[in-house]
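In the two complexes below, chain A is the common chain; its partner is chain B in one and chain C in the other.
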Partner chain A sequence: MEKKLTKEEVLHVAELARIAVTDEEIKKYQVELKKLLDDVEKINEVEGYDDEILIAPWSNHTDLREDAEGEMLEPKQVLENAPRHSGNYIQVPVVIGESEGA
Partner chain B sequence: MSNYIATIGVEVHVELKTKTKIFSNSKNGYGQMANSLTNVIDLGYPGTLPTLNEEVLNLAIKAATVLNCKIRPEIHFDRKNYFYPDNPKNYQITQFATPIGYDGYVEIEVDGEKKKVYIEEMHIEEDTCKSTHRGVKTLLDFNRAGVPLIEIVTKPCMTNSKEAKAYLEKLKELLFYSDISDCKMEEGSMRADANVSIRKKESDPFGTKAEIKNIGSISNVGVSIEKEIERQAKIYDKGETFKPQTRRYDDKLGDTVLMRVKETGNDYRYFPEPDIPFVIVTDERIKNVKKTIPMLPDERREKYLSLGVSEINTTKLIQNRNLSDYFNHLLEEKISHQTASNLLLGDISAYLNKTEKDITDTTLSKERFIELVNLVSNSTLTSKNLKEILEIILESKDSIQSIMKSQGIENITDDKEIREVIQKIISENPESVEDYKNGHDRAIKYLMGQVMKETKGKANPKMANDILKEELQ
Partner chain C sequence: MKYLDKTITEIHELLKSKKIKPIDLVEEAYENIEKSDLNAYITLNKEEAIKKAKELENVEVDDNLLFGLPIAVKDNICTKGLLTTCASHMLDNFLPIYNATVVDKINAANMIIIGKTNMDEFAMGSSSRTSYFGAPHNPWNTDKISGGSSGGSASTIAARDVLFALGSDTGGSIRQPASYTGIVGMKPTYGRVSRYGLIAFASSLDQIGPMTKNVYENALLLNVISGHDKMDLTSIKEQDEDYTRLIGKNIKGMKIAIPNFFVSDIVDNEIINKIKKTAKTLEKMGAKVDYIDMKYLNHAVTLYQIIAMGEASSNLARFDGIRYGHSKENPKDIRDLYFGTRAEGFGKEVKRRIMVGSYLLSGKNAREYFYKALSIRDDMKQEFTNVFKKYDYIIGPTTTTTAYLLTDPMDDPRKSFMDDVLVIPVNMAGLPGLNMPIGFDKDHMPIGMQIIANSCEEAKIYQLASALEKELNLDLNPWGGKKDE
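Then we have the complex of A and B:
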């Protein structure tokens, strides 16, 4: 088994996390991330782990909510915690590309 | 282009018509002041917990049913992780491992041939906030964050743009008619992505896939698929290849443009959403939801045609949901359904368009409409006279016959009275009678004209016509 991740693997993870890393940090994470992954790998050694999807350590089911409107925030309150806004919109630096979700 | 076989799959996002959002009780609305429909859950504040809206589950079951999907009895949600300002939690709550619906199909018709478009899966998820790019800044409106969506994914089973368009039309019709969604592509309540790849022969492996995102109309889906097939063919013709990628359709260019080389599924690091325990979809719930599904377009079409409504009127009625619903109340009545459809689609539609009203805003009760249809069917009320009094008919509650009377529209329906006039006309016009007997059809029109003139247009035209023919024998 490899002792560390490749530089490309670290850069890929950094890109997904949208963080910049220095060469020194890359070297550090090549080892540290690998160690973390190896620890997580140990879960696979537990017998029967794959039998069912575990969501939470309890077995109760979801309570459904009635489709009825509740209180909402005023736009002013929404904007209070935003560093910048433009009219009622929250403003962020332009992001190239489209939504990843949905 | 014809040297290649295209393989097309379509993914559609549809916003569900609920009162509130999927995981919070803030309002699900469109076109309102930015950031006025949110609460701390939609904004992803730390410590908040999502609770699933029961109506979302019901509408998803309904959608799965009309799309002929199997329904999973136990489902859960997953987190799709990514960093982007449209989602402050840094993950979208969606379904990855246990989509509520799977293995369904929709029947389409292209160039007179029926075909099934197979649905791979259908899942529930939350919408993200709407971001608008303005020069160096991006503006965020969280009104859309948390709006419930279903995503419907077909198998790669279509081979041309016509099939993809027919599928989308059909999907829209089904979801709209079942009150699942408004399906307004222009407002984004229905959004389509198309996956396109091409290969030389059926036996070749699938070609490299390009995904065209967020296409704004059904006709643009058609254009963008055709353009994409062309683009890929040109690359392969040169002996080159390309990487899997995401593209978007640019309306102004009339072509697809590259957005990014695609990240793989693993990059989203899906894992089960720990804040929402398993959801049990009981048989009883499915049964109750099924009861709320109204008569769907295909069934309506079959029913209307069987009642003698013309092909064109049938299509037009189904395109207008409100008129079709109104018409459905008359299916069991012994009336001329073709006349009824003519009235609804003709003069009545013209009035509704002019006044921007809905048929249910008028005073035309079922009973009065039946009276109207019968009066028109037996020509007691001519189309010319109808036009004169239509507004009164649709705005008052009086019987149609009393309106005709008060508006001075008389109609001689007395057999004896009409016959006397006709006998007089026949005796005064021996030449025309001779012409008729010699097979000149125009002569009868002349004689009818004389009858109407004599009665000042008050003779019931159908009766007059019948009696005239009788007397000419």
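Then we have the complex of A and C:
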């Protein structure tokens, strides 16, 4: 018997990732995600390291830019890539009220 | 007449003496691309490239050897007004409104962008087969993969379509396809090349780098694209060097380490033998080669799975169907818009990685996995630093096998990680690493070797690579003169 996640576990992960999944996909993910999650368990086999962490291999001091006015993007240009817009605004579905979503 | 087969200095002289014009090179590049038919490009930039070439006729040819030369750009690097898809349905209509810093730099060097190259979707994969637009082919055997994720860039360079291409390397995505296709690919030190305008996959690992057919041209392109950029917080400050400066110097007395893990049973025998033979060649050239043990190399894939998938899940959260990219039609509410857009827009590999990454960063898992991975990552970097106290270079094979068939199964989600087992450690530690071809297997598919050095030692890598390139003197034209018949 192939090792796999439960349907509920897959739905939980898909929820975290904000990705809709079909019943057929759930069946595949039960096996595929299990393989990857088993793989990452191997981290517990590593021994002898200290507590220091490396977030990024980079040693510059944080050097923030001056708080000065820079180049501005044209709203028209920005909106050209937006799937739905009206005037200078990007349109989104109703967020509060009509459904239990969000 | 073929100009792009000539050396870069020959082409430059022809341009300078006005015997040829940039448009001749651009036209030749498009002829090559159409003839080789490798699916290496997602978008061609023909109209603009011709326009730019004509404009350059009025510009005096300076001492910049790259003046007027065509270049291919991986499709995860933003080009203003030119489609930038990341090989994803999610961005198949995306027109960037600004240029990546590297694109501004290649424009400033008067290079001509010929098109955007095919790749694994969002650079996630090892064979470019996760591309929404189908996989590119390997010119050495068109039934085989050209590797990934910068597979299109590798394919078009190997095929001699153009001399220059940009790739990006998060866990080997420049070096591994370079190995499979017999070209030179450099992943520079983290921070060497600005990531501004590179569509992020895993921000602490991503780095843009040059892909070319030889070492010298590779160093020339790194000269153009490197440099401090205030738009990238992780950009290295005060860098201004000529990466070609050590090319031509001998390697007498250089100390080279080969980690035993790199020649262990995970690697095909034929490749191990080629590496050992190359090590002997390097010894004859005056270098000293030792086989050493390194404790953390075999854990790199696990660290990569945790760190790269974790960072990817966060970076790719921006694709929500609202500001740009694919968007679900007639969503019934905001939740439906998010979930539907991402279900429709992302491919299988990307979804898997986002899901696992989201899980690894959620709740107590962040400490259980992600934090632990960062701790081991620090020790892995320390181990490299210690090796470089005693050695100038670490070398080894770039890949465990040569390029495999495009039709090989894709059903094991771990396969794409294991293909990169030898190249991932370099990204973890932020080090520079280069692939160069060192020979062929029994089916005449290229075998590659990676050369790793300490942070910011790219020039030293080019020194070793060019010395060896000269010594090996391989015939690296996959068409073997047949293409023009």
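Rule of thumb we're sticking to: the second predicted complex is superposed on the first by the 84 of 102 C-alpha atoms of A that agree within 3 Å, B and C clash if a C-alpha of one lies under 4 Å from a C-alpha of the other, contacts with A are read in each partner's own complex, and residues count from 1 in each chain.
The rule we apply is simple: a residue touches a chain if its C-beta (ideal position, glycine included) is under 8 Å from a C-beta of that chain, and two chains touch if they have at least 3 such contacts.
On a predicted model such as this, the values are computed, not experimentally measured, just so you know.
After overlaying the two complexes on the shared chain, residue contacts for A:Leu54 are found with chain B and with chain C alike. In the superposed model, A:Val92 makes contact with both chain B and chain C.
When the two complexes are overlaid on their common chain A, residue A:Pro75 makes contact with chain B while staying clear of chain C. Applying the stated contact rule after C-alpha superposition, one finds that A:Thr62 touches each of chain B and chain C. When the shared chain is aligned, chain C comes close enough to touch A:Leu36, but chain B does not. By the document's definition of touching, both partners, chain B and chain C, reach A:Arg18.
When both complexes are aligned on chain A by C-alpha atoms, chain A residues 16-18, 53-56, 58, 60, 62-63, 65, 73, 78, 90, 92-95, 98-99, 101-102 touch chain B in the first and chain C in the second. Residues 13, 18-20, 24-27, 33-40, 43, 51-57, 76, 80, 82-87, 92, 94, 97-98, 125, 127-128, 131-142, 149, 151, 191, 213-214, 248, 259-260, 267, 269, 272-274, 276-280 of chain B touch chain A in their complex. Of all residues in chain A, only 12-14, 16-21, 29, 32-33, 35-37, 39-40, 42-43, 46, 48-58, 60, 62-63, 65, 73, 77-78, 80-84, 90, 92-95, 98-99, 101-102 touch chain C in the complex they form. The residues of chain A lying in touch with chain B in their complex are 16-18, 53-56, 58, 60-75, 78-79, 86-95, 97-102. Across the complex, chain C meets chain A through its residues 93-95, 97-98, 190-191, 203-204, 230, 233-237, 295-296, 299, 301-303, 305-306, 309, 313, 317, 320-327, 331-340, 342-343, 346, 351-352, 354-360, 362, 369, 371-379, 381, 412-414, 417, 428-431, 455.
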